[in-house]
Structures are given as C-alpha cells and as structure tokens.
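Scrolling down, you'll hit the structures one after another.
Two complexes are shown next, each including chain A; its partner changes from chain B in the first to chain C in the second.
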Partner chain A sequence: MLKEVKNKLGNPDDLISETMDNGYTKMEFCFFPGMCDINQVKNGILVPFSYRFDPDEFRRMLRADLAFIHADKPDEWASMLLKGCALLEYEGEVFAFGAVRRMQTKPDPTEVEASLQGPQSAYTEDLDLNLNLVRTVYNSTTLSVEWHQKDNIASQSRIMILYDREKANRDTVKEVRTQLDKVGKNLILGAGQLAKLMSHNRHRLFPVILLTERPDRTVMHLNKGKIVVMLDGSRFALLMPVRFFDFLSAMDDYYEPFWMSRFLIVLRYISMLLTLTLPALYISIVSYNPEVFRVQLAFSIDGSRAAVPYPSFIEVLIMLFMIEALIEASIRLPRFVGSTAATVGGLILGQAAQQAGLVSSIMIIVTSVVAISNFVIPNSTFSYFIRIIKYVFVAVSIFSGLIGVVVTLFMLIVYLCNMRSFGEPYFALFMNAKKHAGKDQTKPQKAG
Partner chain B sequence: MVRFFYYHVIYVGMMNIMVLVPSMLISHRFNGAVSAMPIAIVSGTLFACVTSFCFQRFPGMGLPELYKRFLPRWLGIALNLLGAFAWATGGIIVLYSYSNTIGLFFNPETSPYINLAIMSAACIWAASRCSRSVQFTQEMLLILSSPVIFWIMFKAILSPWLDWDAIRVVAGRITEPPSVVPFFAATFVFSGYLNVTLFNRLTERGHRYKHLWIIPVFCSFFLLVSFFVPIGFHGTQAVGNYLYLWSVTMDCLIMKYGFIQRVLYLFLLLYTLLSLLFVMNTWHTAMEFVKACTRRYPPRPEQPEVPRINWYICTVFAVCTFGYAYMMNDLRNQMVSELWLIGRYFIELLLLLLVILFACLERKGVRRRPDPRPPTKNANGVPGP
Partner chain C sequence: MKRAGIRLLLLASFSWSLLPLGGCQLKDIDKRFFVVSAGFDVADNPAKPYRVTLRLALTSSKLEAGASHTQVETMDAASVAEAVRHLKANVDKELEFGHCREFVFGREMLEQKGFQEVMEWLARRRDIQGVSNVMIGDPDASSILETKPLSERYPGNALFLTFGNEGTEASDTVTEYLFDLYRREYETGLDPVLPVVRSVQHAYQINRVALLDKEKIRLILSPEETQIYNMTANDIRKSVLAMPTAEGRLVMAVTKVRSRVSVADGGIPKVVLHVRATGFLEQSPPRLLERDWDGLERKLGRYFSEKTVELLEKIRDQNIDPYGFGLHYLANHYGRPSTWEKWKELYPRVKFEVRTDVKIQGTGLIR
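Here is the complex of A and B:
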C-alpha cells in the first residue's frame, strides 16, 4: 500500500509513512501530520497497536469502530489521505481512520453583518460546524441536506445544498442543481466566486444571490422555502432565490421593535435613492435646470461654485473619484495605516479642496451624503452594485439633465422588474405575503 | 391579481391630461361639455364593466386568442392590426406631446429630437419586455408616483386661489344639450379597462374582476378634477387661451417649504414617469397584437429573455414617432389627438360588441378551434399547489 500511495502522490516529504512492528505483528501506516489531528491518531491507532496490543481486540476495533472505514479501492487512497484520513494496512486489509484536524471548534463572531440584539455567532470556514449551526436553529425533519459532488473540481471543496422539502419549490431546486452543474471553473475558493459563477448572466447589474454569514438569516430563508448552498472553506452561505428587498433588510429588523425597524427600513430606501441619484441631480440642477430649486437655494449653490473654474460634472467626477479611492484604500489597508488614510482623506475632502477652489462646498456635502448613504445599505455586494449604477446616472445627467435622470430611473425600474432570480420575480411587490400567512397558520410551531 | 387591472384604470385616468382631454373639454365648456360628462361617466362605466365582465369567461386569454378561437383567420389578423394601430398611435401621440412639453419647460435650448430620442429609447426598452415584467413595472411606478400625484391634486382642490365661482358658472351650463366631441374625449378617462385585452392573458382560472365600483368612483374624480381645476385657477374665459393647460395650471401652485418651489416641476417629473408608463403599455400591447398575427410567436407572458422580434417591432414604433414629430406641430398634434380620441371610442364600441358576441358564442359552445391552453396553468408560470 505504501508504495502505491507514494507513487500516486509523488513521494511528498510531509507524508509520514512507516511500517510498524510491535513485536507480534506488522502494520503499514501513513498520514499527513498537517492534515490530521495527532492526538486522535495517537489514541485511536498508536496506543491500541503498541502498548495495549491485543490481536483480537485490535481486529474487533478495526471492524466495529465508526472512525475506521474499510478502504478496498486503491484509487481512493490518495484522495482520502488528502482529506485528512490516516491509512493503515493490517493483515492484508486497508482501513482509513478519519482524524481530520479541525481548526475551528466554535462559531466565529459576526463581522460583516453585525447585529445589536440578534445572535452574535456567524459561520466559520468549516462546513460541518456550519451545518451544525443551521441544524441547531432549524431543528426540523423536513430539512434536506444534499452533497453536490463535482468531479472536475481540483480543490474538491465540498458543496452542500440545503432546503426545506415541504416549502421549497421543486423547480427552483432543480434549477439550482443545473446551475451548479454548469459551473465550469475547477478551483472555487470562496462563496462570492461561486455566486458569480452560478448567476445566469455575468453582466447583471444586481446580485441574484444573497451571501450571508449569519445562521439566523439562513434559517429564516430556509423557512421561507429558499435554497441555501454552502461551501467548505467559506464563511458565507449562498441564499437563493432572493428578491431586491432582501438585500436591504438587516436581521435586526426582526429583533427590534416594530416602529423602529420600519423606520430603519424606510431610512435605507431613502439612502439608497440618495446615493444613486444625488451626484446626477447635482449636475442637472447646476448645469441644466437651476430654476427648479427655489431662488435662494439656487443662488447659494451657484455662489458656492463661484471659485470653481470648470463645469459641474468635472467637479462631481473629481470628488467621486476621491471618495471611491478613499473607501477602497481604507478597506484594503492594514488596520494601523487605515486610520491615517481616513484622516488624510477627510482633511482633503473636508476643507482643503473647497478652499483651494477645486470644488464647491455644496459638492462636499453631496459627496459625503453619497458615501454615508452607501454605507447604510446592509449588504456589501449590493452596495457595490449601487456604487456602480450611480455612474450611469451621472453619465446620463451630463448629457440630458433632469429628464435624463428621471428616464434612467424609469429604465432602472424596468430592468429590475424584468429580472428573475432562479425563475422567481426579483422586484415585485406583495408576492409572498399571502402564501406565507397561509403556511404559518397550517403549521403551528411548538415551543421547546 | 385583480389589482393589476385597477392600476391600469387609475393611471389612464391620470394620463388624460397628456392626451389633451382637458383642452378638448374646455374648448366646449359653454356648449355642451358639462352635460356630456355625466353621459360619458355612464357610458364609460358601462363599457368598462361589460367588457371586463365578458372577459371573465376567458381566463388566461387575451383578445388575439379570442379572435383565433371564434373568428376566421383573416378577420382576426385585420382586427389585430387595427388594435395595434390604435394602441401604437396612442403611444406615439403621448410621446410626442410629452417630449414637446419637456422641451418647453425643462430644456428649451436642446433640440426636441434629443428629448424624443431619450424617451423613445426608454420606451423601446420597456415595451419590449414580457407582459409580466411590464405589469410589475406598472405596479411599482404607480405605487411610487400616485401618492404624490394625489397630493398635488388635493393641494390644487384645497388651494385658496381656486375660484369656486368660476367653477359654478361653468357647471351651471349643464342645461345645454350635450355635444359629441367632449363626450368622446371624456370617455377616454374610463379607458383604462382596455388593458384586459392583453393582460387578461395573465389571469388564472376562476378569476373575477371584483370591486368594479372603483372605475366610476376614481375615473369620475379624475374627469371632474381635470376639467374644473383649470377653470377654477384661470377663470371661465382665460382658461381657453392655453395650449399646455395643465402645466400652466400647476404653475399656479407653490410649495412654501420645499427645495422645489414651483409644483410644476414636480408635476412634470411625475408625469414623465406616467407618460413613459403609458407609452410602455400601449407599445407593448400593440407589439403583442402584431406578434399574434403570425403563428411563430405563441403568447408567452413570462419570458425574461427578450426575443429579437420585440426589439424590431418597438423600434418601428419609435421610428414612426420620429416621422410623426417631423411632420407635426402643436396645433396639428392637437387635431390628430382629437381624431384619435374619437376613433378610439368607436374601437371601444366595436370591442364591446365583439366581446359580447364571443361571450354568447362561448355559452352556446360554438368555437372554431379547441382550447389551446394547458389544463392547469396559473399566472406565476409555476405549477399550482
């Protein structure tokens, strides 16, 4: 066995392979110490084989213990070793001992989707622990967990499909499976990448798959009949099909008092609209239709632009470039340098640019409103998309002013209404309310 | 899904301003417009209720499917093309007059063709989507814009500058015998129900057009507002001097505390959305009617991938709009829209008779072709529970 395994793996130096002899009998034994939990290997194999050796008991242990799998196919040996098993050949038979080293033993704290009052645990990069998190909260007999095997993936990441058998739409499940089959890339490193590969059209302007690190959000969507895809090695789960409104909801909306959560939702929609249209509106008001505003306001805007020597759109483009660069820099930089970047950027954006006559003071307000409103959007993927679409509005407003902005808004709504996420409408109102009200009544949940 | 039906009813009621219904009514304000209005309310409600009631018998079927079912093929094609022509011209007239209004009030320095180009590009794009997407768009935009439009309307009605005496003077002319042209114009307000001819395709079996009382209540309100409010602001005589009657009327209102002082701009921006919606709906319907003339394109209300033919047909409409814009000026456009409003009334009458005929034939079991629908199909395109 050892020879075959070594041949297949190209005789790597980090593989421990021994032929062990305890005085009575011999055993061939190999494992990757980096992939295996050394304590488990010691307690499960080495101790029974060496100083507690009893041939009958050892044989019985190999046959009966759940950790030992009979591995009689030589093709699978190498991949078992790579997944973290220890292989041993005893009396002509080969057994695999599952001793995968778990880096994580407890859930991570939430990092991206923080919540004030909700659960604070998030997914980890270990799929089994993630499944445990889901199963603990969604303790239902109808939860289906399917292992989606893909042979052509080099990284051999495990992919799991989760859905509620009674609530999920069969056609949608089928659609998700075909989309997963279509994924051609052979190296999947993160959930975001998988989401990108699974979306029907790469050039979409809006995401059709929601990434979340929160088990409670996952479970809520499972309960709505949505489908969840989980990937080993990623701390995000993919939820589908989703709707536009799911991206603007934070889990705190379910935990906060009614009016507070409604208020926050309205705030988010207003912020989204502001961050989308404000730079474009600035251009169209300044360059095309100053008469739309009341006279005093129009004058004060124009007065603040007195020192600015170029048309409004150049001003907007300069400021938007600066703020985008600042955001990008503060995300990628290490924490210690990050605060410096923010300070420097804040100084430039705040006062210097205006005093130098490069931009007007109203434009600085516009820029900061745009940036802050963008941060209000709870989902980071979605806020990226909104950041991009903002420039479409800017481009249109340069050429056709206020009417262009309204027409573009119309086209954006048409675009959203024509989108489907895995066959279900993406941007339609009142689609689920009735269906789920009926379901909740038929299946009362028992406490405890 | 009955709410989608009423979205159309309500937005067409609001749109009457853009197809110059008020100016036609007001030009006859002393000779028969007022007395024509109650008749129009009765007639419009009757048309709407009877037609939609008859369509109830044919869930999941639009007008082209009914033609296919009961009429010889050539007649069906002729009627389809007639319908497509009526719808498409409605869209073209609105697009032209609205882009003119925009040019006048927003961008007087840019070429009118640029406004027209932007708007028709948006309309081509919107109208070529599938019927279900068009309905979603309809719902979303109407829910976004109608609260503000209602607010503006009530602001106008409750304004201290509204002269109720002038309104009373004109309303007193109800004793005059009704005249024909204002009658045709006023029935347009009730024409929103015409969307059943296409969007009935999306209805399920057992679908009922409930709450038909919405039609007379809302549409009469819109009709009265769009006729009497300009009179109240401008007086009985001066009101006849304006071509862009409602834009000028809205300029009489100011918002004391807003960023925007003149209500006119808010009004025009909202009506941009509504006009685009109107053109989207009319062109989409016309496009589907044209597609129904051939056998290659069976009705598919849910089809997010847009077939190429949709683009071609809508582009033809847009090209026609440019041709129309090249030939027209404001006065000729007013004449054409009068003609269109009159012709539309007769088409509605024809539709009413046809639909009653179809309903009777269906009851007797006379049909030329068997039922093409699959046995259970609902509007969502997913198998039912």
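Here is the complex of A and C:
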C-alpha cells in the first residue's frame, strides 16, 4: 500500500509513512502530520498497536470503531490522505482513520454582518462546525443535507446543499444542482467565487446569490424554502434563490422593535437610492436643470462653483475617484493604518480640494453622502454592485441630464423585473406568501 | 452569441435614444446668469415699444443681509421675445429664467397696451414657472427692479418673500401667481387682479391691488379696500377689522376668515357673500366686551358688511368681476352663450348682500 500511495502522491516529504513492527506483527502506516490531529492518531492507532497490543482487541477495534473506515479501493487512498485521514494496512486490509485536524473549535464572532441584539456567532472556515451551527438552530427532521460530490473541482473542497424537504421547491433544488455541476474545473477558494461561477450570467448587474456569515439568516431562509450551499473552507454560506429585497434586510430587522426596524428599512432604501443617483443628480441639476434647487441653494452652489475650473462632471469624477480609492485603500490596508488613510483622505484632502477650488463645497457633501449611504447597505456584495451602477447614472447624466437619470432609473427597474434568481422572480415582493400559502400550516414569514 | 449581439444592439440604440433627451446642452450653473426678476414697460420709441428690464443675480457663496449684488439690464425692442434675445448680447453668461419668480408689469404699459402680449411670452416659455409672482410696478417696472432693498440676503428674495406666506403675511398684500393670471385672462366671468408695488426708499410697498378687465387697469383700490378685498376674496388670515366706537377705536385681529358666495336668482340676481371672521380684540376701550359681547360681534359684522358692500358696488360700477360672480352664475345656470350675455347685461344692476358673522374669542391675554 505504501508504495502505491507514494507513487500516486509523488513521494512528498511531508508524508510520514512507516512499516511498524511491535514485535508480534507488522502494520503499514502513513499520514500527513500537517493534516491530522497527532493526538488522535496517537491515541487511536499508536497506543493500541504498541503499548497495549492485543491482536484480538486490535482487530475488533478496526472493525467496530466508527473512526475506522474500510478502504478497499486503492484509487481513493490518496484523496483520503489528502482529506486528513491516516491510512493503515493491517493483515492485508487497508483502513482509513479519520483524524482531521480541526483548526476551529468554536464559532467565529460576526465580522461582516454585525448585529446589535441578534446572535453574535458566525460561520467558521470549517464545514462540520458550520453544519453544527445550522442544525442547532434549525433542529428539524425535514432538513436535508446533501453532499455535492464532484470530481472535476480541482481543490476537491466539500460542498454541501441544505434545504428543507417540505418547503423548498424541487425544481429550484434541481436547478441549483445543475448550476453546481456547471461550475466546471475550477479551483474554488471562497464562497464568493462559487457564487460568481454559479450565476447564470456573469455580467449581471445585481447579485442573485446572497452570501451570509450568519447562521440565523441561513436558518431563516431555510425556513422560507430557500436552498443553502456551503463550502468547506469558507466563512460564508450561499443562499438562493433570493430577491432584491433580501439584500437590504439586516437580521436586526427581526430582533428590533417594529417601528424602529421599519424606520431602518426605509432609511436603507433611501440611502440606496441616494448613493445610486446623487452624483448623477448633482451633474444633471447643476448643468441642466438648476431650477430644481431652491433659489438659495442654486445661488450658493453658483457662488461656490465660481472658482471651479472644470465642468461639473469632471468635478464629480474627481471626487468619486478619490472616495473610491479611499474605500479601497482602507479595506486593503492593515487595520491600524486604515484609520490614518481615512483621516488623510476624508478630512484633509476633502477640505483642501475645496479650498483649492478644485471642487465646490456642495460636492464634498455629495461625496460624503454617497459614501456613507453606501455603507448603510447591509450586504457587501450588493453594495459593490450599487457602487458600480452609480457610474452608469453618472454617464447618462453627463449627456442627458435629469430626464436621462429618470429614464435610466426606469430602465433599471425594468431590468430588475426581468431578472430571475434560480427561476424565481427577483423583484417580487410577496413571492413566498403566495407560493407556500397552501403548504405551510403556520403563517408564512414575511421577508423583509 | 447571436442573442448577446442583439442585446448589445438594443442597449446601444437605447443609450443613443437617450442622447437627445437632455433638451438643452450641458451648461454649468456657473455659466448661467440667474434672472431674479423681470420687468416690462413701454418705451417712447414707436418702433421699439417694449422695454424689458432684467435683474440679474451676482452670486457669492456668502449670504448676509444687504450683501446681495445684482445687475440690471435694459433693452428696448419690438417685442418681449426679441428684447430678451438682444439682451443676451449685453451679458457674459447664458440667461436662466428658471429661478425668476417675479414679473413686474409697468403701470403705464397696463394702462396703454394691456398685458396680453407679455403674457403670451410668459406662458410659452417652458423655463418660466407658473408659480411666479406677477405684479404691477408703480410708476414703472424698471424703478422696482432698480430698487435695492437693504434687507435682501440673496438677490431677489425681498420681493419674493413679501408675497404668499413664505415671509411676511401682510393682509393688504394680494398675491397673484402667473398661472392664476393666465386663467383669469381667459376665463369668462372672472377678471384679473394684480398687486401694485411701489418702491419706497430701499424697500417695497405692496398694499394696493389693481383690478383689471381682460386688458387694462380699471381700478386701483386703496390699502383699506385692498384688505377687505383680500379678506373676502382670498380668505387671508392675520388681518385686522377696525371699527371706530364712541369710546375709541376697536381693533380685532382676525385669525380665521371664511367667505362663501352664493348667487340668488331672480329678476335681477342678488349676490350673497357670507363671511365668517374669527379673532380676538387686539385693542379696544376697556370693559367693552364684557358689557355686550354678542352686540359687539353684531356691530362689527354690520360695519364690515357695509364696507364690503360699498367696495363691491364700486367694483361693479367699473364692470369688472375679480371675485368671479359671473363664473359662479354660469356654474349655476344652463351653459348657453345666451346665459353669459344675460349676465353681462344684468351685472351692472346686480344687488349685493354681505352677511358677516364675527366671532370674538376674547381680548387676548388680558381681560
């Protein structure tokens, strides 16, 4: 066995392979010490084989212990080793001992989707622990967990499909499987990448898969009949099919008082609209329709723009470039330098740009509102998409002014109505309430 | 692949069709000259009878009282439209009428030529707002535009704040909007009214109203009459109702006034105007109210009714109808052209009756 395995793996140096002899009998034994928990290997194999060797007991242990799997297919040996098993050949039979080294033992704190009053635990990069988190909260007999086995994925990461057998739409499950099959031979490193590969059309303007790090969000969607795809090694689970409105709901909406959560939802939609259209509105109002402002504002913009040498759209592009660079810089920078970048960029540069007469003072406000409103969007994928679509509006407003912005907004809504997420309408408001009215005994939960 | 091509083509055609949507070309706000008020006068030259005066805002980012700067440009031409076009040659930026909310007609022009031709230009321009204030400049429009009020924070706001309820709520300032003037110009049975503005030492005085027939000024009311007109026709709040008594003058601050017109038919129609005025006594001889509360209310009502009837008869004698009694009559009668002819014939003989219910709420904070 050892020879075969070594040949298959190209004789790696980090593989420990030995033929062990305890004086009575021999055993061929190999494992990757980096992948396996060395304590488990010691207690499970080495101690029974050496200090307390009893041939009968050892044979019985190999047959009966759950950790030992009978591995009689030589093809699978290498991949088992790679997944963190220890292989041993005893009396002509090969067994795999599952001793995967667990890096994580407790759930991570939430980082991307913070919540004030909700659960604070998030997924880890360990699939089994993630499944545990889901099973703990969604303790239901109808929860299906399927291992999506595929050979053509280079990294061979485990992919799990979770759904509620009674609530999920069968066709959608099938659709998700087809899409997963289509992923092809790719090295999948993160959930976002899988989401991108699973989307029907890569050039879509809006995301059709929701990434979340929160078990409570996952469970809520499972309960609504959504399908969850989990990937080993990723802190995020993929939820599908989702709707436009799911991206703008935070889990806190479910935990906070009614009026407050409604207010926050409204605030989020307003912010989204602002961040989407404000730069374009600035251009179109300043350059095409100044009568839209109140007269005081028009005059003060007029006054503050007097020193600005460039047309309004150049001004907007300068400031948008600055703010985008600033956001990008503060994400990539180490955390302790990040705040310095924000100070330099936000305070000093903004103030100086206005004093130097490069941009008007109103533009500084517009830029800050755009940036801050963008951060209000609870889902980072969605906020990225909004950040990009903003430029479509800017481009249109340069040529067509206010009416162009309105028409583009209309076209965007038409586009959204046309979109489908895994066969289900993307822009529908009350999709679940209708579909599951007959099936559900309980009152269907309204999506926020 | 083919579908993608079609999509791309569609997208391209869509975005191409967006291009001409803008209407006007890109022109930054600092390349525009904001007209804050426009005035129309008659000029002496018979070849160029119209004199257009524009007050242009010189903007700055600082706003303080008295710091507003404006530039006044004048041009004579054969028509208003031509005058405005020619005026563009006098200024360095594109004229922008989007924020022009004050249009002043010279008194002389309204007496000689009427306002129809100017109205035509005003009504056709898409950048002129229907909610603009229109008024008469006394003695002419350019003198109003050249006034520089000391309190003005940004160009043109003094005149603008005077009208409506935005700034001061004066009971003898009649507010007339462009859309309403346009309506009154063409409506049967409703005649135009325009406030008269006079410039008084770095300020405006707007306490009279001019009543017009469809073309020219027929009557200019005194400030007292203007207030009565405003109370009965526009239900303006915050007015006063004053009455001399034996012991001194009685002044009631009217906080609420409602008026309703009904036209009673008969051989000669009788116009009944119901007015309900509520308020408190702002100034009165001491212990007057306690003595005879109801009697005082009745007396005030009767006094106001008499005054109003006087005013209505004065207006009627000029054969103008700013209240819209004729429209009211037409609304209540079968709409044949002969009905209107009949009303026109009857109007000079119409009887008026004003019923005023005065409700005194008290004497203010003291008894």
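One rule holds in what follows: the second predicted complex is superposed on the first by the 429 of 448 C-alpha atoms of A that agree within 3 Å, B and C clash if a C-alpha of one lies under 4 Å from a C-alpha of the other, contacts with A are read in each partner's own complex, and residues count from 1 in each chain.
We take it that a contact is a pair of C-beta atoms (placed from the backbone, for glycine too) under 8 Å apart; a residue touches a chain by one contact, two chains touch by 3 or more.
This is a predicted model, so every value here is computed, not measured.
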Room on chain A for both chain B and chain C (clash or fit): clash
Touched partner set for A:420, first chain B, second chain C, both or neither: first
First, second, both or neither for A:429, with chain B first and chain C second: first
Which of chain B and chain C A:311 touches, first, second, both or neither: second
Chain B versus chain C as contact partner of A:197, first or second or both or neither: neither
Touching partner for A:410 - first (chain B), second (chain C), both, neither: first
First, second, both or neither for A:169, with chain B first and chain C second: first
Touching partner for A:299 - first (chain B), second (chain C), both, neither: second
First (chain B), second (chain C), both or neither touched by A:401: both
Chain B versus chain C as contact partner of A:289, first or second or both or neither: both
Against chain B, colliding segment of chain C, chosen among 39-47, 57-65 or 183-191: 183-191
Overlapping contact positions on chain A, where the chain C interface meets the chain B interface: 288-289, 295, 400-401, 403-404, 407, 411
In the complex with chain C, residue positions of chain A that touch it: 286-291, 295-296, 298-306, 308, 311-313, 361, 396, 398-401, 403-404, 407-408, 411
Residue numbers on chain C that touch chain A, as the complex places them: 14-15, 18-19, 21-24, 26-30, 32, 34, 36, 57, 59-63, 96, 98-99, 101, 127, 129, 154-157, 160
Of all residues in chain B, those that touch chain A in their complex: 3, 102, 106-107, 110, 114-115, 118-119, 122, 125-126, 129-130, 132-134, 136-137, 139-141, 143, 258-262, 265, 269, 272-273, 276-277, 280, 304, 306, 381-383
Sites on chain A touched by chain B in the complex: 169, 171, 288-289, 292-295, 297, 400-404, 406-407, 409-411, 413-414, 416-420, 423, 425, 427-430
